[in-house]
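Labels for the chains are A, B, C, D, E and F, by order of writing; each one numbers its residues from 1.
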Amino acid sequence: MNWESANHFWAMGGYGFFVWGSYAVTALLVAAELVLVARRMRAARAGAARDVAIERIDAERRGRA
Amino acid sequence: MSDSPLTATRAPSSGFSLFYYASPQTFFPLAGKLLWPTWIIAIGLTIAGLYTGFFIAPTDATQGDSYRIIFIHVPAAWMSMVIYLVMAFWCAVGLIFNTRLSFMMSSALAPTGALWAFIALWTGALWGKPTWGTYWVWDARLTSELILFFLYCGYMALQAAIDDPRRADRAGALIAIVGAINVPIIYFSVKWWNTLHQGASVSLTQSPSMASTMLTGMLLMALAAWAYTIGVALVRVRAIMIERERHTDWVRQLGNATAGGSKA
Amino acid sequence: MSESSAPLLETRALTCMRGRARLFAGLDLTVGEGELVHVAGANGSGKTSLLRILCGLSEPESGEVRWRGQPARSVRDDWRGGMLYLGHRNGVKDDFTPLENLHASAAIAGERIADTVLLEALADIGLAARLDVPARSLSQGQRRRVALARLLADTRSALWILDEPFTALDVRAVAVLAAAMAAHLRRGGALIYTTHQPVDIDAERRQTFNLDEYAC
Amino acid sequence: MSESSAPLLETRALTCMRGRARLFAGLDLTVGEGELVHVAGANGSGKTSLLRILCGLSEPESGEVRWRGQPARSVRDDWRGGMLYLGHRNGVKDDFTPLENLHASAAIAGERIADTVLLEALADIGLAARLDVPARSLSQGQRRRVALARLLADTRSALWILDEPFTALDVRAVAVLAAAMAAHLRRGGALIYTTHQPVDIDAERRQTFNLDEYAC
Amino acid sequence: MLSLFVSVVRRDLLLAWRRRSDVLTALGFFLLVTSLFPLGVGPEPEQLSHIAAGVMWVAALLATLLSVSRLFESDEADGTLEQMLLSVEPLPVIVLGKVCAYWLLTGLPLVVIAPLIGLQFNLSADETLIVCATLLVGTPSLSLLGAVGASLTLGLRGGGALIALLVLPLYVPVLIFGAGALDAWRAGLGIQSHLALLSAVLLVALAVCPLASATALRIAQD
Amino acid sequence: MLSLFVSVVRRDLLLAWRRRSDVLTALGFFLLVTSLFPLGVGPEPEQLSHIAAGVMWVAALLATLLSVSRLFESDEADGTLEQMLLSVEPLPVIVLGKVCAYWLLTGLPLVVIAPLIGLQFNLSADETLIVCATLLVGTPSLSLLGAVGASLTLGLRGGGALIALLVLPLYVPVLIFGAGALDAWRAGLGIQSHLALLSAVLLVALAVCPLASATALRIAQD
């Protein structure tokens, strides 16, 4: 085990800002990408579902007419 | 309104198994099945890699603990380069065989590639301050990574600027391939530019024989980055498939399922 | 040649997509020599899109175009060489005079047409008095005439594809153009055109193709 | 007001030069309320040039334009506010949808028109199914319709000046536009237009103004 | 009048948003040009920090020049400009609205991204701040002056290059005061006078340019 | 094929001649940028001569960038491009003709005027010669690569800035070899290798760019 305490761990031998700055930004960006990509997927599925719904309504209307 | 002739041309029922999965319709469920295993592998490798990197690998003699940035910096730099090559490969395949799936693959990869390029730049800059005393120098490797980032941005900006997906695909492919031809030229020219008349004012102060635990951590993180990239790209390619193929039968069935599911 | 019996241009099950909408599907069209085809249809029914597919400027979603009995893509040079397309846009350079414009477009098409022929075409279409004015100073109808003068000078192309050729033309110019079209048909050429104006063109074989019937 | 007897728009001895050529000279034109003026003439006779002078986009070589009995330059705001000009070019932004286009052009003209009015105009001119498509994806005729929808939504202007409004429109759209023009006249508005197509517009007072007769 | 101004600004911003990538590419361009200079003149840090302000200002100027010719171009091509000229509303206000939207899209992002480039050029925090401040005051003048050039060259085919020829001489004072501020500060002279001069130029430009540009547009359409 | 090439070149040169000012303004732009630079960075002679090659190369590059987006624009707008695509003649040859005319109008004048600017920047005769030589071999590559960008962005609204984003990364090697030659010569290393590399880039560009550009044009018109 490298670290004597949590404080030592966070300090990173005086390089905390640089090390944690790197890891935090990476984590943030990766998380952001995951959120964005999940949203895109959901929007795409919703769009496809909407298409089907519109088509169904359209067909019903035409059926009535 | 039946488009059976359409789907028939798109999904070759016999022939190469490789080409079988080259149609969005067949690839979509396959990608779905691959997804969870990929995520699990990615998470597992990340945990293993971070544990090795922070708790097993020793403090470096010359750089202290700042070197621990290596565990994301190097995987990110590697991924950014590899993804560009893969992207250009898919683009070439798309232009030659006219398979839409390959274009989708390449546009699904681009944002992730740009992300890794940016992370490599960011972590490199943060690493540079303690080791070189500055966030940025015009070193060959740094410069070419920056240009690579611009190449990604150009590809994405071009695709975003074209409404028609078919046109966007092919125009993007062209610039990706021309860029790929240029990447090695850029790399060597920059390297030469920097070292020719100046003498390296900076060099990477890495110990020649890296502690094997460091190497292990780095490799684990690199594999994790691979798995993550594959996972994200799969999700994105699935989204792109739905967006682009909204008029086809298979997406309609999908939409049917979703609409039905949300009602139930 | 055994192909001489094949129609000049033919489409099989042509489908066209624009954005997310399908404009038409399963379109079969056959154009023989000496035939006049009027592509009709409401605004936005896909006439321009169809014409651009027929001349190879855009790709259909599915289906194929055949030229003299063979897939048009496989005889591309023959196809391009046998066809003359004039679209909404005139292809007229603002900075060139009418004559220079005709020269330039002939050069691009890979033709070499004598000055006398071009001058005669310009005179026929009523631009004789405007020969030394750059096209930027011409009126809307005069620019269109410059583009159409190419048709009057053309004897090479077997098929003319004209997208709204009568736009902006006055009555006299319409008559001149209609006569030129009739002459082309009499020479054995074929002609596909669109228009919203009722214009009478002299032709032995004609068909009207209403895109509204193919809408989906 | 005492001016109400004065004609809406009037020109006195208008002369127009283009390049080195004089297009027309000594042109006197009077347009009263409820009057339909068809400016006729061959291509290049100066119809567009005349219309641009009438709405103040270009200056005549000599002569003057009068608005409600006064020199138009001296009542410029009144003149501009009472007039609606539509030229060859549509004034339609490629990146906007039809509705956004109408909003933008109303804003530029300094008007504020309710959404419902604009939507109704778009529906009347047959663009109901194309509301969410950016204008770049519209066909030639559909773009022209977007521009013309402004006319259908307009009730403010006393005078419409339309340069070849029927270009690229299909039969149905021509009918809709002709009806809108007739309604404008019935409201007491005046209308000056050019066209090469024979279109029947319902009007009580009409004059045809043939520029060929003024050519010099 | 204010509502007209606001609606013109909103219209142009919406148009830009439709093209989306436009906004980012202006940034990308600035980043790229400033990155080109080190590639051209060599990577020595002291030399780079010496020419930093000059390079950033020249890049800002070029970013404006490169794009300002399109300010009225699309409005002219599709006939919207005719409608603007025929409007009862005052043309200078419309022009001002367009210039304002243009600056928000091309000038402001440069100011925002400038610190990053300061980093690449080895500038200290104070020095970066000074460059940002001069850019903030100076770039609106560039946009305004550019608009005059754009309306003068409208419809002339040589547009892009001709506009440079017309406008660059007018840009020279802005460039000198803007890029000179950093040198003055390094020489211990303070930057107030430079900023004051830049502001003066901006005020004059604000007063004169919309009018001049509107007049030029009327002439161009005749 | 050669006659096609020649007639396309002649056509474009004639067009440019009709606009006349175009020919001069590309030059004017180059002159202005290089003259602005001393204004931006201060007038020390040694420093100027140090950055001279870099500045001239960056200016050449920007002059290309500024104008190349118009290469196919007017042909597209008036429909001539459709006719080019439909021609029986090979499209890459037409494109090559257009690029050639473009270079004669914008690249060659820079090479001719470069000695004058060398004077402004305090360069010796030898040094000036070297810069001219690199510009002579390098600018055609800039034109060729620029043509690819121009055809890819044809009809896209973001034009000006987007093309910069696409093309500038590709310009990097040309810029480095071009601007680096003078430094190498000053360091006593000789410029053969730089010139050889520039020529190699030119050959690759000659082989690849017309084809790529033609393909892009077909895609853009689809």
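Note that in this section contacts are C-beta pairs under 8 Å (C-beta built on N, C-alpha and C of every residue); 3 or more make two chains touch, one makes a residue touch a chain.
What you are looking at is a predicted structure, and each value in this text was computed from that prediction instead of being measured.
Engineer: Suppose you hop from chain C to any chain it touches, then on again the same way; how many hops at least until you reach chain F?
Structural biologist: 1
Engineer: Along the graph of touching chains, what's the shortest path length in steps from chain B to chain E?
Structural biologist: Minimum number of steps from chain B to chain E: 1.
Engineer: Name the chain pair with more contacting C-beta pairs, choosing from A-B and B-F.
Structural biologist: Result of the comparison of A-B and B-F: A-B.
Engineer: Would you identify the chain whose Cα-based centre sits farthest away from the centre of chain C?
Structural biologist: With centres defined by C-alpha atoms, farthest from chain C sits A.
Engineer: Can you give the whole-Å distance between the Cα centres of chain E and chain F?
Structural biologist: The mean C-alpha positions of chain E and chain F differ by 24 Å.
Engineer: Quick one: chain D and chain E, Cα centre-to-centre, how many Å?
Structural biologist: 37
Engineer: With chain centres taken as the means of their Cα atoms, state the distance from chain B to chain C in Å.
Structural biologist: Chain B and chain C have C-alpha centres separated by 47 Å.
Engineer: Touching two or more other chains, which residues of chain F qualify?
Structural biologist: 19, 74, 77, 157-158, 162, 165, 168-169, 172, 176, 183, 222
Engineer: Which residues belonging to chain A are in contact with no fewer than two other chains?
Structural biologist: none
Engineer: Note the residues in chain B that touch 2 or more other chains, in rising order.
Structural biologist: 150, 153-154, 157, 161, 163-164, 166, 190, 193, 197, 246
Engineer: Which chain D residues qualify as touching chain E in the complex?
Structural biologist: Residues of chain D touching chain E: 55-59, 77, 80-81, 83, 85, 87-96, 100, 104-105, 107-110, 134.
Engineer: Taking the touch rule as given, give the residues of chain B at its contact with chain E in the complex, in rising order.
Structural biologist: The touching residues are 125, 134-139, 143, 146, 150, 153-154, 157, 160-161, 190, 193-194, 197-198, 201.
Engineer: Per the contact definition, I'd like the list of chain B residues that touch chain C in the complex.
Structural biologist: Going through chain B, the ones touching chain C are 1, 3, 5-6, 9, 163-164, 166, 246-247.
Engineer: Quick one: which bits of chain F touch chain B in the complex? Just the residue numbers, please.
Structural biologist: 148, 152-153, 156-158, 162, 165-166, 168-170, 172-173, 176-177, 180, 183-184, 187, 189, 197, 201, 204, 208, 212, 215-216, 219-220, 222
Engineer: For chain B, which residues count as touching chain A in their complex?
Structural biologist: Touch list, chain B to chain A: 54-59, 64-66, 68-69, 72-73, 76, 111-112, 115, 118-119, 122-123, 126-127, 129-130, 228, 232, 235-236, 238-240, 242-243, 246, 251-252, 254-256, 258-259, 262.
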